[in-house]
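Each remark here refers to the structure printed beneath this line.
A, B, C, D and E label the chains in the order they appear, each numbered from 1.
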Amino acid sequence: MADNKVETTTPVIEVKNIVKHYGSVIALSGVSMQVSSGEVLCLLGDNGAGKSTLIKTLSGVVRPSGGDFLVNGKPVAFSSPRDALDAGIATVYQDLAMIPLMSVTRNFFMGREPRRGIRPFRYVDFKHCNAVTREEMQKIGIDIRDPNQAVGTLSGGERQCVAIARAVYFGAKVLILDEPTSALGVAQTSMVLKYIHQVQQKGLGVIFITHNVRHAYAVGSRFTILNRGKTLGTFAKGEINIDELQNLMAGGKELQTLSNELGGTI
Amino acid sequence: MTPIEQNTVVTAKADERIKQVGFLTHMMRRPELGAVAGLVLVVAFFFLTADRSMFSLSGVMTIMAPASQLGILAIAASLLMIGGEFDLSIGSMVAFSGLIFGAALTNFGQPLWISIIITMLLAAAMGAVNGQIVIRTRLPSFIVTLAFLFILRGLTLVGLKWATGGSTQLRGIEEVVGDGPLKGAFSGVAFQPLFNWLAQHDLIEKFDNGVPKVTGVPVSVLWFIGIAVVATWVLLRTRTGNWIFAVGGDPNAARNSGVPVDRVKTGLFALTACAAALVAIITVLDAGSTDARRGFQKEFEAIIAAVIGGSLLTGGYGSAIGAFFGAIIFGLVSIGLTYTQFDSDWFQVFLGSMLLLAVLFNNFIRRKVTGER
Amino acid sequence: QVAVAKDIKIIAVTHGQANDPFWSVVKNGVTAGAKDAGVQVDYRAPETFDMVAMSQLIDAAVNQKPDGLIVSIPDSSALGPSIKKAVAAGIPVISINSGSDVSKELGALLHVGQDEYGAGKAAGEKLKEMGGKTGICINQEVGNVSLDLRCKGFADGFGGEVKVLPVSNDPADVRAKVKAALSSNTAIDTVMALGASTAGEPALDAVKDAGLVGKVNVATFDLSAGFLKAVAAGEAAFAIDQQQFLQGYLPVVFLANDAKYGLIPGGNVPSGPNLITKDKAAQVVDLSAKGIR
Amino acid sequence: MTPIEQNTVVTAKADERIKQVGFLTHMMRRPELGAVAGLVLVVAFFFLTADRSMFSLSGVMTIMAPASQLGILAIAASLLMIGGEFDLSIGSMVAFSGLIFGAALTNFGQPLWISIIITMLLAAAMGAVNGQIVIRTRLPSFIVTLAFLFILRGLTLVGLKWATGGSTQLRGIEEVVGDGPLKGAFSGVAFQPLFNWLAQHDLIEKFDNGVPKVTGVPVSVLWFIGIAVVATWVLLRTRTGNWIFAVGGDPNAARNSGVPVDRVKTGLFALTACAAALVAIITVLDAGSTDARRGFQKEFEAIIAAVIGGSLLTGGYGSAIGAFFGAIIFGLVSIGLTYTQFDSDWFQVFLGSMLLLAVLFNNFIRRKVTGER
Amino acid sequence: MADNKVETTTPVIEVKNIVKHYGSVIALSGVSMQVSSGEVLCLLGDNGAGKSTLIKTLSGVVRPSGGDFLVNGKPVAFSSPRDALDAGIATVYQDLAMIPLMSVTRNFFMGREPRRGIRPFRYVDFKHCNAVTREEMQKIGIDIRDPNQAVGTLSGGERQCVAIARAVYFGAKVLILDEPTSALGVAQTSMVLKYIHQVQQKGLGVIFITHNVRHAYAVGSRFTILNRGKTLGTFAKGEINIDELQNLMAGGKELQTLSNELGGTI
């Protein structure tokens, strides 16, 4: 159950015994994990296990109620997502950080708008931004009609693609993806998994949350499993096969009968 | 204007999933052009019912003077509304700034430029306080600025009585200010030589003594137009504008994308207060006095104008140009009745009906043009 | 039964807000009266012209058992029961400003003031005398019964055609509306404003803008330094002074003497009207700027 | 109260993912108990600064009379706000209903019960019209009801002049109504015999002539309490209540779940108008007159009370009990000052500061008790 | 490419050449499909293909711009989702029809609150409702802490489960599920697929949208494929194998290289 792989470098992100309470609700009761450069850590677990809450503490959206949080070995306490972005942690949230009434382009560049001209007449060249957006979306397999369309009118999958393309475009030291592929079609999913692979090759750390064991196994280097707010364990790819992983992800629930009934295809 | 730009880059290949639309449809999609439709309706109505003098040059200027003062407030209010907040203390802030400005000039004998700076700084500070309370406490801005509506109005009364020794009107501002280019930037009319020249050549109406009936464009109108242009540019073409739409559309999403939500909101509150101070300075210099009732219910009118102009009360959507036309519609309707033969007892019925009609028409046109839903 | 002066408490409840230019002078009178008579006075008014709220304020005042109560009575039906309650509780009541007709009936000791209708009528007659035929009455608070009465009195005294012009408190708005009225109906030769600083001064500006100074008579209720200067300069006709300072001052002194010595005048005191015309205007300017006239 | 009930069914097995919380914390989670904290603060303040007579029986009744009239409006306004809409025409509706009621009684000589029914029906119809316009046009209710604010206020003026032959005040209602049990249900005081008995036995204060200082509980207070109880029950325990929260929380989601959104909203508008008519009937019968300024800015005060009581301006969250306490806080603050030694020039400063303090305190307590965030 | 299976009974739902425009956007340009009792129709297609738009027209949320819509062979025109519910069509939407500020129970029974007592004193017994909610959620594999918790504070998967449990609990003639399993964990997904199977056995018609070819193949009887607002074709289970289906779902995009790179595991 323990993490057998001894790290030679300090991990980019390391959390120890993180606790998070929402009023009387205990969402995380002591979770530890770490991710180093050039590896893809898959965060797995049942619904409500606390995966999103954990990555929200990493990206500065919520403040942990207790525990240690180290970036490059140094303890940090983010007071806003901006701090996390500045520290090189880019996140694609499950409940997307998108503003439905605003256009795809404006959402794409939100918070990091490129500016031209001289102070105080600096402006954003939205024509250029539109072109970039269209191009980046195309790369991920989405041919958007019009970058000025409101994000709220995009389909669920298209919206997800905007969020992913944005995180990838702006680069970072660590990329966190919370169920990025859940709303995606086959082609888009392949693109995203390929991206994750590329990003890892470039030496970034990736935290990848998914419920699809195949997706996880395809790109993950290590797997950390959460259950009811606690870490169940961390495994390197070589230590575990796809079926064991599937069982652990379900929190040890008896799946065999179900799975068999439906022909083991889930 | 909306965050969704309409002037798309022409893309290489047309997408088969997009219907072709005409230029007109394209233009009418802009929410502020809906407000123009409302304006057209109102103008048409008065054209049929009102005295012709309403549409003379001097009639138009008569309407534009109050409309521009309201409009300056309305544009600021609509920026704030796009940013997802309200400021109900605008009207009281006009009175309060008027007091500060008047007292600085008369009681403290400061020169005009210092008085203006003091007034602006104080207003910005009060606005920032409003904003900080809203942000820190996470209370709705409605209730926080409402408290300031009362507090500032009350402080104005107390301050005026102190400054005048018992009256609710502070006078004698004209005497201490004198004349000068700086005063000209905030009061009176601009382009006087042009209008004189036009009158001499009988291009505009003049009195029997040769003085033109309209001696120039009130400077408040120039401020109004200038602010509308700048606000539109900021909203549509700058990073700040993007952030304003974002914090109003979904503050959490904006924060998660790295937008400094608190800074943007505080800035908007300060800006709104400064707009109120500007209106105070203009009216005080124009009237030569200030009193405890200045700006009464202006917050209300400013919000009305912004809403007529298509801004959403819930934030995230709206335009400065819309507020511009909204203020003109409101000014036109409220002054216009005087030019008609209707019994003035019906004034409020009329005002209400025209507002409703203008917005309905605006809405109808927009829906017609943009297709179903 | 001589009471110690500083323990005497008098409450004034009126329908005019503290920031209304007219009523702020009444309040200054009340304060001055309190100082001179050495008694303690509270001035209260509802936030808007609201008869229900005002009757509730009177109830609250009665509840504090003051040694005297000063009230204005713009609506005898609504305020009557509360005033009667005060009288029943043995509180001496003096009515001011409006309600001279019902004052006795409700049990008030006397009335100080001059009713709005009468003042309006006097002004109307004077303006008719000055040659007016078509007039407008600028009302900054339509529905406020006392202001409506001023207009009505003016219309009745004036005789000619009178139109009411509803405006707001905003000088730019008043100015624009008056200008609009003047340009759409060139027959207008008389402008009656119901408040000097809120309506009178912007109306003067409008007349100037329209180039009609001297051709249109502008008069106003109440005083303001700016308007008085115009009167002195001959640009405006006159201002009607109710001498409302006295409406605040006298009742306080009367009630103080009543509490101390049981002394009270035997009849109503008319405080106005007093038409301030060109000859008197200059003297009053300074007092007006201080909130006494 | 919130849609999220606090009194959980005791579940068989405790969940390890839930912290245990004390009873006090549990109670304080309810938003209306936050409003109680604000009330406690305000009472404490007056206890220290005001005349003792404020807390006598008659002092309390003096405060409750205006608070209850405002409260009836505030509860209706807060239901409407929970349902995601505003009604700015409440105040004008009070004046308009007063006119209808007064004219029915005097000009048309109808008996009291018919006049009441006519008034109520007409108000409900006007409210429904408001609602239908909002629903059909999808315009914000802010702008639609604002138009009705003007229209109804104007119609009241015109109507009054017609009914009285030129005055803006309609009198003589007392004379035509006479006395009777129906009148007693809408005006005057209740429980008179009890209070007489109490006075006879020296249990409550009386005047020298033996009449008790407080002759009974104003019936408006009984209406106020009754409406608060019914509204709370409806919100928390009925299908209608569930639908009100739903249409305010997310009208699309509610519609998709099969909630008849339009019917619920129209009903709420009609209800709000009926509350205004009730207040009109109560005040007209109490005052014996009505005038064109009745109910001026009451819409504003009602929204203030609802917001103090914890209702969200954006809809979907709030409580009737909160509005109940909000109205009492507002009434207490606005009447309370007359019991203190403060100069009335400071009234507005004081009102604003107290409102702000009450809401801040309420908020602070709630946050303290419910833990972080 | 054509539907070869000749139906003996009239389909419960049939649409022919449905068209839907949003302003200038053409979301559906002539889509036909049908579903009969006792069958599971899988609606497949790329992101933005128009799947959600299609089912929104079926459930009365949006009105089609053109085309025919028949229920039990009779043409209908729903003016609100309530009409669809009354006609026996229950839907789980992709952007959930849930009110975040309201409790799980209140959302669960939204629009169909059971009432007790006599008019006009009829009330909703929320204690009972809480118990029902807890129980139904347990059935789908979610152990909710407290049925009074606001839905907005649930995790993405938990929320999805509330929507599904609700649709199933209230029953219907046709059950429409728009990507119900995308946010679900392994255990919950199995539950949902099993449910679909059960529902089908009971003789209801089911429309099931998913991007996961395995999920589709496990429960589907027929597969209709959309692409850019048009029907690509309908296939019965026996006519197509899982790999062909996968290729069609991606809209014929060249996936082979990608898929191979990642070990064919998507």
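By definition in this document, contacts are C-beta pairs under 8 Å (C-beta built on N, C-alpha and C of every residue); 3 or more make two chains touch, one makes a residue touch a chain.
Remember, it's a predicted structure, so these values are computed and weren't measured experimentally.
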item: For chain B and chain C, chains touching each; value: D
item: More contacts between chains, B-E or C-D; value: C-D
item: Farthest chain (mean CA position) relative to chain B; value: E
item: Chain centre separation in whole Å, for chain D relative to chain B (CA means); value: 33
item: Inter-centroid spacing, chain E versus chain B (mean Cα positions, whole Å); value: 49
item: Where chain A and chain C are represented by their mean Cα positions, the distance between them in whole Å; value: 72
item: Chain C, residues touching no fewer than two other chains; value: 18, 142
item: Per-residue multi-chain contacts in chain E, two or more chains; value: 22, 25, 145, 149
item: Sequence positions of chain D contacting 2 or more other chains; value: 17-18, 153, 157, 345, 347
item: Parts of chain D lying in touch with chain C, wherever the complex brings them together; value: 51, 53, 56, 58-59, 62-63, 65-66, 69, 153, 157, 166-169, 171-174, 207-209, 211, 213, 283, 286-289, 291-294, 296-297, 334-335, 338-339, 344-345, 347
item: Touching residues on chain C, where the partner in the complex is chain B; value: 18-21, 24, 28, 142, 163-166, 168-173, 175-177, 179-181, 183-185, 197-198, 201-202, 205, 209, 211, 224-226, 288-292
item: Parts of chain A lying in touch with chain B, wherever the complex brings them together; value: 59, 61, 80-82, 85, 91, 93, 96-103, 105-107, 109-113, 115, 122-124, 126-127, 130-131, 134, 143, 145-150
item: Chain B - residues contacting chain E, complex; value: 16-21, 370-373
item: Parts of chain C lying in touch with chain D, wherever the complex brings them together; value: 18, 27, 42-45, 47-53, 55-57, 59-61, 63-65, 75-78, 80-81, 88-90, 142-145, 148, 152
